[in-house]
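Two complexes, one shared chain (subunit A), two partners (subunit B, subunit C).
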Partner chain A sequence: MSSASSGFKLGEWIFTTDHKRIGVLYLIGSIAAFAVAGLMALLIRIEQSSPGPTIVSDAYTGGDQYNVWLYFHGAAMILGFLIPGLTGFAANYLLPLMIGAKDVAFPRINALSVWLFWAGIVVALLTFIVPDKPDVMWTGYPPYSITTAGNTALYVFTVHLMGFSSILAAVNFLVTIIYMRAPGMGWNQLNMFVWSCLTALIIQLIFVPVLAAAVTLLLFDRYLGTHFFDPANGGDVLLYQNLFWFYSHPAVYVIFLPAMGIFYEIFATMAKNPIFNYKAAVYGGMCFIVLISGEVWIHHLYYSGMPDWLRIGQMITTLMISVPVGLMTISLFGTLYKGAITFNVPMYYGTAALYLLLIGGLTGIPLAMTVMAVHLGETSFVHAHFHFIMGIFSTFAVFAAVDFWFPKIAGKMLNEKQGKLGFWFNFIGVNITFWPLFIIGVEGMPRRYWDYSQFPVHFGSYHKIATIGAFIVAIGMVLTISNWLISAIKGEKAPSNPWGSNSLEWTHTATPPGPGNFPTPVTVDANWTPYNYK
Partner chain B sequence: MSNSTTGHNHAQAHHWETSAAPLLVVLGVLFAVVFCFVEWITYNNKMLAIICAGIGTPLLLAGIAKWTAEALTQKPVMEGLTPIALPIFIVSEVFIFMGLFVSYWTMRLSAGPNWPPAGTPTDMNLVLPIIMTVILVASSFTYHIAEIKSEQNNMGGFRLWLFLSIILGAIFLGCTAYEYNHLIHINFVPSTNAYSTAFYSITGFHASHVVVGLGSFLTVLIAALAGKTNKSLTFCVGLYWHFVDVVWFFVVSQVYYW
Partner chain C sequence: MRKIAWLMAMTLWVVLLGDGWAISKPTDNSDIDPTLFRVDEQKFLGVKFGNEVTLLDEQGKPFQFADLPNRPFVLVPAYYTCDGACFNIGISLKELLKDVKSLEAGKGFNVVFVSFDKNDTTEGLTKFVQQLDLPDDPIRGWRFTRFEQPDVIKREMDKIGYKFFWSPADRTFFHPTLILILSPEGRVARYLNVLNVTPKDVELALLEAKSSQFKPSESLDYLVSLCYSYNFKEGRYTLSIPVFVGLGSFLLGIGLLFASLGIYRLIHHRKNIRK
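Here is the complex of A and B:
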């Protein structure tokens, strides 16, 4: 079947409707967004390395420049990298292979999704060309987003394009998982990654439209003069925050769930163990998260004013999230129990993920508690917390996924040495970056400030350390990504199942898989599981 | 829709599947919607906006035409999934409308006794929405008859009743245009007050769904005139239309009569 794929044909790539190639297109797009958003992060860190203006042009307009960097960093990392990197790249490439299907249910819709995502990236990148750059964070809160001279329309359209892409992908994959599993494959025989995507996509299907509605109203308010978020004319600013977080809190789980799914696959394969407590992790963990994900968003509005009964109610539901997350973490950890663990690059990232889960999770608890939140809210403590649990954890998941399935995707082995070197730079770098921010956050360093010369002098030194950390991460990222590029060309040929996995994508397809995935239709029997290692 | 029957025919494909339609549609949307809007509204550069629309619209139409042709002639990966996918998509549509209605209810309930706000015409036309309801419900029925004709393999009847549905849908849009025109004349525009904000957003968003529904009717009609029908496509277009119909009940009861 490899005869069909000999040679590179551009038309076969840009017009492709094959889920594997679409997955690779997602990966290329999301890594591009990641690179540019990463550069923005470096600019932010350099600016913060001294209390006053550092690299902005002057003290009066510097804030505007800085806001543009913040905008692009946030919007591109979440909408352009994490979501498409996980439910775009990983889900596209792996889901049909894991369930034994020859493609997704609607290949053309799938191609539409990936190009809508690319269009979103194009619109986001226009930021650097237009004179009135968007400067509304990734949240786009009114009234600022309505009154700013920045081009809020570009923000809105980026969200629209990527949101519509997500909704179509969710419909497509839900139908695929429900109806196209190989004959004989029951719900308790699914890969954890399939379950994690199933649950994440349900969240995506239900909540993304609300974000689309919210930013549409923003567009109307800004350009058509309507009054949805205008208190002077009967509107309500908090309405936007509610609509926004009604989506954007569950969006955290759209990222978290597939990231966990990836680590489950890696842990089970590298420890040669079945998933510990499979049903508890799936039904008590993932499915429970779907149930309560829509009832906690108001904790993002703790400082916006609300009645006490609501505040306390939100505190309880928010803390409740640690139950399913705890179940999933224990199951992940337990999968290693008495395993003969192979420590390669994906497993390095997996082990680091356990640590990130711990630190990120524990620092989330004080933020959920209303009493503490008043003190810690809007400080760099929050900033460090969500970078640990959401930014770094999920980024490591994407990296681990690429490293783990690289032999399948490229047919070549990765350079293990460079991968490990990249990992250490990444891991040490993020710790140097974010621990100082935890500390000065507790002492009162606000988030998002570029000029903090009014604050204690030692904040500057801590920020300097964080900036050094950011550059160490940058080196790690370059090592990691260049490793993929170099190994894809020069790497040694991969065996068909280098990790000895029992999952369908390794056992039943060619490496790399050709058109139609499986040489013969797959059926599984009642005893088969992807984790049948004993 | 000539000889695009290659591919999807074998149980096991031996070449990479391709289709230019999705990329064409995305490029069309990018130019005709995004760039056109940004140039026209944000930068007030009407010339460039028209050029963008001029580039985007043919791309979009070509993409849709190619897509429809492929959908009608090629075998899907698995039969019978489209009628399952559309209701799932409609779930997300429901949530978009929920977002709009919740915004409206928020403004409405926080206004208390100060509703309707100053600037709202005292004599809103409440007869027209009833007429529009009758028209839209009628079009759902005519399409249902069209579906029955299609099941009986009566192509002539199918085309006729489909055509009638399109006419009714177009009359509905005409009513909206008439109503908007009248209201704008008496200076009730989107920026007038909180009610006009919700009124134009919700009815406008619904009307855009009517446009999409009519567009898909038109696509099915053109295919039917060329002698091609597809059972699941016919079903899905109808289901979408019924959904638009149901939403209209909420629009009428909440926006006009509350």
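Here is the complex of A and C:
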């Protein structure tokens, strides 16, 4: 089997059209965004560790500084890390290998896509250079985003670049999956990760243009004097929220589905079991999510005023989401059943993900219910909820993916001890960070407040604990990411299939895979599946 | 002495006569700045009208406003001895409602005239209704009412931001040509200037007020109403461009999927031909 050429040449990386290198470029960019957004999270937590100004300069401008941190943290984590980390890095590197393809359908468009993403990262980082820093959260709600002195254009251009990049990526991978599967590979023989990407990318391709359109109109309102979202002049301010969440709620599934796909691969391989209820998980789980993903966004607007029948209808459809998610969760648990489970670092993250799914899922139920959401929706309870179910769950999926496929990507084994140590810091840290926020959220601690001195004094103690948790997570992140870097240079040479997987990327390619991926064209027969362990 | 007294009496008479004439004669100064009647809509939207208010119906029988059918209302503040504006409001509203297709007065909504003149009587009301020449249909959905207790008139009108005043010089009430669209619960959903709107505006305002009561068969009407937004500046509904932009971009996303599949097939078809 051919392997990747050794030696680093910058030009080869800049002009590459190889999906594996593009995947690595996505990983580097998304980890960079993650690191800066993580620093913002630490600043947020330090600021909240005591009521009143803690590290902001004074009480008058403190809110503005804090809003900039919130903006960058939210925008970079979602648009710069989670989506590109999963559908950029993981899909790019793994998808063609899993379906037996030599490359993606449109390699040059793929290269354009990654550099648009990098341009988006650079534009986002300009936040720290421009004097009028954007401060519009990741949502950019008008009227604030139209009237603020902050630079709304920077937010809009970041969304445009990242959005355009993700549209191109979605086009590419959907065509690749549909037309470039190895001869003989049927739909029911696809890896779960491939299915998860297929469904996530359909959502992405359909809904991203709506977000792009919404922020473009916002740009016109802000800089060209139009009134699309100005109610005093015939606009509709709530319409922006509708358009924004029409994309951004499905975006949760763009993140969630590939994360689930990654855990499926890890569970099946580490437990040496076939996927439990494959068809139910694919068609009843993933495909059903695609069908209803575009119909539940209004639960983000429960507090914005709407007819009761619409609110109740949205509550029902939102609760219905738990059916496909439940099917997939049962399938994940079932895949472990009676398995000979190897507990290594990826499996640690996988097991933790089941716990996160449970807590995040259960705390989502009261938020879906209108009567509870009115009380909890704008508190730190929802903040903790979406960090469990979306932020941390998906971050753990990216970490698990890097750890699981690291031998394939780098040709080296990770340091298992450091990986486990990093995991425990991460896992313990996130629990210490977010459980206190659940508690004070129920008691009425609002989201996004930098100064909460008007609230009960004991909120300060909970915030202090959460801040300690954030620093523990920071140590875990440093341990995890440094482990990748050190192991890539000094790690032990990896065997070709260290986990004994049946998936094509392990069984039919070199480690690391060379140009063209497969030394000979791959064909599979009707009995082949990537999970044929028994 | 008698002459002096007679002269003084005549002078006083002339002065009083002159005063009376001056008071009763409309003058150029009677023109009222219409902005005086402007309602700060955003302050009053959602305010509940007629809570625990007793009205008198066309026959002078008392009833509670809350007892009216649970439908949206077109509330028309007026007075029945009005010699101009109120009648024009009534006629204009009648013409507008003729072209409201999706909802019918008496079935989908009610029109309720409410008098802000404490001196209005059943006779005056009857005469006013006759002049409007409404169809003689028991469910025509138009109601003409007065407040039972005159002292609540100002309070109730102030509550919904409706301004009016009596001009002794003109012997008339000055008031705007506003109609209010109320939700079935009696909350103010929209203010419309009846002389400045189209039937579509009235229809959209009623649909908006009715949004909590939609039947599945009215889904299409509701969807159409979502394509418009109310323009506070113009006082009417205008097409909401972002809805169409959003819809277009959604279709673009779906189109991109099929276009990319087509392009890929085309490229490979050409490659195969070359081979």
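What we mean here is this: the second predicted complex is superposed on the first by the 530 of 534 C-alpha atoms of A that agree within 3 Å, B and C clash if a C-alpha of one lies under 4 Å from a C-alpha of the other, contacts with A are read in each partner's own complex, and residues count from 1 in each chain.
Just so it is clear, a residue touches a chain if its C-beta (ideal position, glycine included) is under 8 Å from a C-beta of that chain, and two chains touch if they have at least 3 such contacts.
In this text, all values refer to a predicted model and were calculated from it rather than measured experimentally.
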For this session: With everything superposed onto subunit A, say whether subunit B and subunit C fit together or clash.
Result: clash
Exercise. In the superposed model, does subunit B or subunit C contact more residues of subunit A?
Worked result: B
Exercise. If you stack the two complexes on chain A, which partner ends up touching A:Pro307: first (subunit B), second (subunit C), both, or neither?
Worked result: second
Exercise. With the two structures laid over each other on chain A, which partner does A:Asp236 touch: subunit B (first), subunit C (second), both, or neither?
Worked result: both
For this session: Could you say whether A:Leu217 touches subunit B, subunit C, both of them, or neither, answering first, second, both or neither?
Result: both
For this session: Examine A:Ala401 and indicate which partner it touches, taking first as subunit B and second as subunit C; both and neither are also allowed.
Result: neither
For this session: Would you sort A:Leu327 into first (subunit B), second (subunit C), both or neither based on which partner it touches?
Result: neither
Exercise. Just subunit B (first), just subunit C (second), both, or neither: which does A:Ile392 touch?
Worked result: neither
Exercise. So, A:Val252: does it touch subunit B (first), subunit C (second), both, or neither?
Worked result: neither
Exercise. After lining up the shared chain so the two structures overlap, which partner does A:Ile167 touch, if you call subunit B first and subunit C second: first, second, both or neither?
Worked result: both
Problem set entry | subunit A positions touched by subunit B in one structure and by subunit C in the second | 105-106, 167, 171-172, 174-175, 178-179, 205-210, 212-214, 217, 228, 233-236, 239, 243
Problem set entry | For the subunit A and subunit B complex, residues of the former touching the latter | 1, 4-5, 11-12, 14-18, 21, 101-109, 111-112, 115-116, 118-119, 122-123, 132, 151, 153-154, 157, 161, 167-168, 170-172, 174-175, 178-180, 205-210, 212-214, 216-217, 220, 223-228, 233-236, 239, 243, 514-516, 518-521
Exercise. Which of the residues in subunit C end up touching subunit A in this complex?
Worked result: 211-212, 214, 229-234, 238, 240-243, 245-246, 248-250, 252-254, 256-257, 260-261, 264-265, 268
For this session: Please name which positions on subunit A make contact with subunit C in the complex.
Result: 105-106, 167, 171-172, 174-175, 178-179, 202, 205-210, 212-214, 217, 228-229, 231-236, 239-240, 242-243, 246, 306-310
For this session: Enumerate the contact residues on subunit B facing subunit A in the complex.
Result: 11-23, 25-27, 29-30, 34, 37-38, 41-42, 67, 70-71, 76-78, 81-82, 84-85, 88-89, 91-100, 102-103, 106-107, 110-111, 114, 117, 189-191, 193-194, 196-198, 200-201, 205
